[in-house]
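Two complexes come next, and they have one chain in common, chain A, joined by chain B in the first and chain C in the second.
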Partner chain A sequence: MKTTIQKFAAGAKIFSLIILGGCFLGFTTDVNKSDLEVPATKSIKTDIKKELGVMPVYGNWKTFTKEDGLPADKAFCVRIDGERVLVGTNAGLAVYENNEWKTYTVEDGLAHSGVISIDVSELTGDIWIGTLGGLTRWSAGRFYTFTQFNSGLPNDVIYSVVCDGKDVWVATGGGAGHYDTYTEEWGIYTERNAPMHEPWTYGVCAGGNKIWIAAWGGGVIEYNPKTKGFRDYTDPDGEMEIDLFPDDGVVHNITTGVSYADDILWVGTYFGLSRYDGTHWKGYFDHDSGLISNFINFVKADGSVVWLCTDLGLSSFDGDTWVSYQKDKNSKKGKILITNDSGLKEVDAPTSISHNFVSGVDIQGDNIWLATSKGVCRGEKLK
Partner chain B sequence: MKKNKKLFFILGGLVIISLLIISVHKVSRLHVNYMTAVDDHPLNCISCHVYTQKDGIVAKLINEDYLSPFNMAVSPDGSKLYVIAQDGDALLVVDTQTNKVTGKIAVGERPHSVAIKSDGNTAFVSNQWADNVYEIDLSLLKVVDTLKTGSGPAELAFSPDKKFLYVVDSYSSEVSIIDLQTKTEIKRLVAGNNPVAAVFSPDGSQAYVTSRRTLPMPFETPPITELTVIDAATQMVKERKMFDNAYLMENVAFTPSGDMAIATLIRPKNLIPSIQVEKGWMMTHGIGIIEQGNEGRVIQLLTDEPNAYYPDPFDIVITPDGQKAFISHSGADVITVIDLNAIRTLLAESTQKKLDYYSNHLGISSRYVLKRIPTGANPKGLVLSPDGKNLYVAERLEDRIAVISTENLETIKTINLNGPSRITVARKGRRLFNNAGHTFQYQYACYTCHPDSHEDGLVYNMAGADMGRNLANTRSLRDIGDTPPYKWNGKNSSIYKQDGMRFSTVLTRTEAFDYDELDALVAYIVTGIKNPPNLRYNPSGHLTEAQKRGKKIYYRTHTNYGEEIPVYNQCATCHPPPYFTNKQMTDVGTLSETDDPMLLDVPHLNNIYESPPYLHDGRAATLEELWTKFNNDDKHGVANDMKKDELNDLVEYLKSLRDAKYYKNDPEYH
Partner chain C sequence: MKPKIQALLFFIFAILFSVLDVNGQEHKMNYGKTPDDMIPYGRFQKAYINFFDKPQAFTGAGREKAPPTDLTEVRIGFLGPLEGSAMVPQGIQMLQGATLAVDEANKKGGYNGLPFKIMPHNDVGLWGAAANEVVKMDDEKVWAFLGSIDGINTHVALRVTFKLEIPMVNTGDPDPTLTETRIPWVIRCISDDRQSSYALVNYIYRKKGHSRVAVLRVDSRYGRVGILEFKDAVLRIGYPLVLEVRYAEGDTDFTTQIQRMIDSSPDAIVLWGNAKETALIIKQIRKMGMKQPIFGSDRLMSPELLKIAGKDAEGLVTTCQYNPTLNDSALQAFNKNYYDKYGMEPDVFAAHAYDGMNIIIDAIHKVGLNRVLIRDVLTDLKTFQGYKGVTGKIIFDASWNDIGSIWMAEVRDGKFVFFPPSPLTYDKPANNKSTSE
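Let's look at the complex of A and B:
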């Protein structure tokens, strides 16, 4: 009996691969190339505008590197704080304000110069900085550092940090951590007290009165602060690297980021993207959607649009239309891929994102900021 | 023969009684000598065995319930003075015309401050040991509402639009902002360490919040204390002004024009050997000024003089014309009058470098100190009448308000608050504790390093045989009567010994307390210093889940690997309830290279969360560091087998520990 099931599963895998491969080929052959912008007007050509609908598109990219004042070219994360842009680099925190970059390092009080996550408390204005050596609270100029040695912080590697009212959550290499700023109590959640596969957590977000944790190898963990109860969402296909049965759950257990907006949870993995509306899951892959790469470093949902930072560029999606941004390796110019029901349209852009390995994104009014492996870049919303 | 026999028995009896008396006297003498470390302390059993009674009928007979006026506010029309009776748990209403107490409203435990609404009909009182603020209808003299706050609410300030109440949470180091429409706390902002006072600038754009304790600093570095600036429009902290080498910034006031904000502060020299006391300049006292122009320069100036110190500056008020400032020095029983125009001139003509130099200059005060006005014992809160003509001074340990003319700079009258007329031995001791008269040139009082009879969070270089050795972290005095020995090295078997001759030799460098004074001081320390309730981590005695898990770890007998932990290395062996100390000396591997070889007194752990830094020399900034940094060899309890969440649970349990009285009769702890 068991052998029959295994044979059936193996057959199903092969069948799925053939079907998906076919879809992929069909999808990518319908390419229609054109230019994006009307020269010198920062406006989009009318025919492309129709394709986009309400989906924003960005151009006129400007790149910032060490030459412009960044402490390092390798940027891990970016977070907007009003008029300021906060960028985590491998050589400290860079702050862009009034057209100037200023750097903060360990000497200023930062826990570690490798800054990999940032969030801003809407309640207090305090900035919480996740580094490779602890968590720093930057409050009106004062740095206060939590480490696994001087506090209840689970681990010093802070992949993700999020402020939720008076609470601060971190995803660390030693579990998810919860810090109540009123009681100063730390809670640690690992495989010892939560439905996790291992302590390593990679992303955390708040939304829908829940906390969502991207647990490496453990899918997504939902935490309800009211009941203090957990629920896990894992890939029904187990450890397989393909999504055997579409939309049956999170696409993979190796989750890298979570973001919640408009009652939708978005989950990034290294094997595709998942969307969860509280009832149904839906998966997106580079072979069956406009997602530019399955290797997702970071997810950010902003209203109805979700942004996916990948190893091959930036993708965005509003439920109908995909817009992805790449740098052409040869021409160094920009390339925008627009995908919707009518297929894929590839358009050229005079400027490009700074590098295709994108680690972070945030929106500042009509501007978008990206953290990449080769600098930070800012795009302007095209009209 | 019969007569001789009778005589023999009488004589024999007398001999036996005499021998008994001699023996008792000798034993008593030895006992007293041992307890006091001197051989001539009067053999007065009452000293130790009556005055130090904390509970029971004797305690009630020998003690009194004093009022202890602390902070005050005046009604908008000046007709009423509202006085916080800190020990009386009351708000007193004083008629400023008749100088009589006309009302008394019971408030919460340990009230701290009062703020009056501009219509004069409503008062808000912060209850520091109840974590709330009472709203009081002044026409009814009745509490009408209770507002929940953070931990240890201290001073209160209304937002300029009067819609919000800013509450300084002194224990949790935050500022709670309360919406007065909904009566709910909308947010808490992080302030400095142990903040106490808040005031809005005259234009209402920002609030300044002082703090008392230094920010956590690396080991063996001077203190830095923060003044927090809150933007009124965004209700967020916009700046943190740092005062180097300063602490105990108790209160702050703006000039009416808003050109300066001035805070009281102390500049301690805790890292130099305490032998410096006899050369002066060990503890200096003064003001911190934040200029509103000149890019907000931060300046510190002393109010001391060469060879004369004015310790423990507490409150500050500024006259409506902006010409004079008054400062209460609660350790010297003096009000200092400052000529603000002289200060303005000094600032205008001085560079920052010059001003930095002046910050340690004992002579510079002659340029701006107009007068010293003597007061009764322990002047604390100050408030001016609305016309600025009268200055009210809360003489805390007199149960009295002094009224000083701001024109003549003389005390014109005192208002008796009708506290007990009898001065008890413990009250006398409290006055001594708070007064610097027994330190060389009045440099500091006991209170200076033990504010609120607790500790100041600093590490001192107590001059011993070798300079720079044996650094000592100040220890709390709360409820220490039952936890001998004293000092980190445990050399003092009693408080008598601790505060006797050696104390004057090492610390105060002047005449020792006489024996009556010593009796009084000991009586106060043993009976009058309570632990605040641990409302923050253990308000009801019901432990949280983490604390329960931590308690199991505290009492565990086996490691996570199943190995038996030797009894001597189990937490509860050295730290048993109710005080969580076995009162023994021990070595837990924490001596540093600069320490003499010695055993250390096992500290008590009640309310331990309030006493960072930790270890005898303050090396451990947090409770976690006791085990993550300074317990490599598992000599301070077996901890290296624990996972991080287990250590967190243990720390949560330690933070839950509260006053010993809760554990004395709890069968769970026996």
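Let's look at the complex of A and C:
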């Protein structure tokens, strides 16, 4: 009897340890931590490369902060303009050119020194700068500012700006705005003339001959410039606290960004990621994919790869393989997390992204640039 | 220790860990204190993912930032309807409640000898004005802000709050979705419309046994989003509304809507809107011969409603986020001090703003002048969990929404008489009435 009880007690202890261990330490199964570090050179080990397929992987990160010439460490966004790198910070627009940073502020003509979105017109080369106090057009070396007072801008807080030919679209707290640079006329789209629940918009992109708007609380709005018609895509379960089915539509109506490439629309939310191919939706979460966090600040699709700026690092995905980048809190070194059908592989790296709270990303040839909560960083594609 | 005892202790700890709410709530419960039979799709399908089981961390930088050394005052922002809105009386009450808290803190020495100062901002103005006003607050270098009442303006402000990283304490907007955005920079210190809805559903359907309810609501975000939880809940317990009709803010004639309600033969009526219009609706409902009992949302608990509706308001039952008549020394002191200072009785917005501003001041005292650290302490679900304010005990859930107790009030002899709602039942609906009265 005593032996039975002892066996039972031992079993119970093991069971309890498993339960408690699972609760407090988190499950770490299927993690294969590689002992092969990514070297400081521009190459990557063959076994890792096999895992990646066509996915690019970046390393040799270099961080830029105030000490390097940035006006502030907190960066909201980054946009490549040929050889230049444009960075929006809370203390102005920083431009990196010829290995030097130059800052533009209100004194130079910016609408506000809080720069939270940037786009470059392929048609004219003009830079459109979304700030916390209006929209600024940087053209031929001069700054022109649009505000609610002097134009048809819906609101002065410009969360997102995108140039689509002659048209400029903005997502603001007071609705989406459209500026025709030829006619110089503004259009405002809110819940009064578009299928939005409320006027709040947070992201906008162009793709597939359409404009896509991330409507905060209203899912995604599709606008067809040819027909001038709208269509909305919302979470079919209609509930804020759950996602009933992951693949039935956008995972949540609180959308934070949209990006379109290769006939795919990617939708970022604070609750996960959605992919839309024009017919089917698919949802991705941190517990069922290689997405490093459900809290997505910004999304950018570039060819077949989508980049997700999250509060726990940067994730990238090409439909098959996930590659995520994190800074280790303790060692300050980098970590690369590769997830595919064969599971999760964790690779140590000697350098890391500047901070895990990533707000913006853009690609410049073989380089990738990130805007983070503490600095801007540049990574090089590993061969 | 003997193996048997070891095993027993381990089991006890394991069970304790599994039932204790790690977020500091008193009891583990469904999100939003939702009864089991009102869980979305709960009868048919388990959700793939529940979003608010855990609080959303803020992982950004800024905790290391040293406080400034050249301050002459400690600024706290205020966002509310102060001009150009029908909600100005409520906005002024909110500002007065917040100001009283600041005045009291300054009498005690402020923050390390520096006085606290409220930086008031009107949330009514150009399209999306709340966003621009929060940017101004950032320029003014506030350490946190309190606001607002209107659901749209508060949402707009919240979005900017995250960009600018300013802690936001909401004490006046009951829109359930405000704390369902996952932005980890806002806490709410007032019960939301979800709690009001569940209390009303419980009272109307389970205590009073009604089954055919018609809704007349204001066509605004307050009416649209407010009634949503009520509508969903009654659908889930098997009693869909017999009618939902709307009116525009500022309307004075509700004949068409009331006639539609008469035609739908309800056995009870729910009104969701502002006090003034609802008072007129109540008068017209009685004038047109409807005798059904009337229930309503929190904004009806107002002297304005009693004044306009008069005797017709008798029997009206509403929810209220606190009980202003409670025999509580802190509440009574607040009521007296408020009256002495402003010459008027405090309302629900004043009382909650007083609590909210005291929480901001306490947070600053605890962690100093650093916005991220202020945010951290406001949201840690420990420091202010169970905070005892003049409005009662504040219980935050993992989305930092106040799910503490709510009250109900019935108009008797021209006054609101308060009573606690029955505990939310988790049973199937009682055998309710099926015909109209």
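Note that in this section the second predicted complex is superposed on the first by the 346 of 383 C-alpha atoms of A that agree within 3 Å, B and C clash if a C-alpha of one lies under 4 Å from a C-alpha of the other, contacts with A are read in each partner's own complex, and residues count from 1 in each chain.
Simple rule for what comes next: a contact is a pair of C-beta atoms (placed from the backbone, for glycine too) under 8 Å apart; a residue touches a chain by one contact, two chains touch by 3 or more.
Note that this is a predicted model, so its numbers are computed, not measured.
Measured by the number of chain A residues touched, the leading partner among chain B and chain C is C. Of the two partner chains placed by superposition, only chain C is touched by A:271; chain B is not.
Judged by the touch definition given at the top, the superposed model places A:263 against neither chain B nor chain C.
By the touch criterion defined above, A:246 reaches chain C but does not reach chain B. In the superposition on chain A, A:139 makes contact with chain B only, while chain C stays out of contact range. Once the two complexes are overlaid on the shared chain, A:155 sits against chain B and chain C alike. Of the two partner chains, chain C is the only one that A:357 touches; chain B does not reach it.
Within the superposed three-chain model, A:83 lies out of touch with both chain B and chain C [touch as defined at top].
Legend: residue contacts after superposition of the two complexes on their common chain; A:328 is shown touching neither chain B nor chain C.
Contact with chain B, but none with chain C, is seen for A:181 once the two complexes are overlaid on the shared chain. Comparing the two interfaces of chain A, the one with chain B and the one with chain C have residues 148, 154-155, 174-175 in common. Chain C contributes residues 3-4, 6-7, 10-11, 13-14, 17-18, 31-32, 40-41, 45, 47-52, 56-62, 126-128, 130-132, 135, 138, 152, 155-156, 159-160, 163-164, 176-177, 180-183, 221 to its touches with chain A in the complex. Of all the residues in chain B, the ones that touch chain A in their complex are 150, 172, 174, 187-190, 215-216, 226, 228-229, 234, 236-240, 536-537, 544, 546, 621-622, 624-625, 628-629, 643-645, 647-648, 651-652.
Put simply, chain A touches chain C in their complex at residues 5-6, 8-10, 12-13, 16, 19-20, 23, 73-74, 76, 90, 112, 114, 116, 132-133, 148, 154-157, 159, 172-175, 198-200, 202, 216-217, 237, 239-246, 252, 254, 270-272, 285, 287, 295, 311-312, 355-357, 373-374.
Contact residues of chain A toward chain B in the complex are 123-126, 137, 139-142, 144, 148-152, 154-155, 166, 174-175, 181-188, 190, 192-193.
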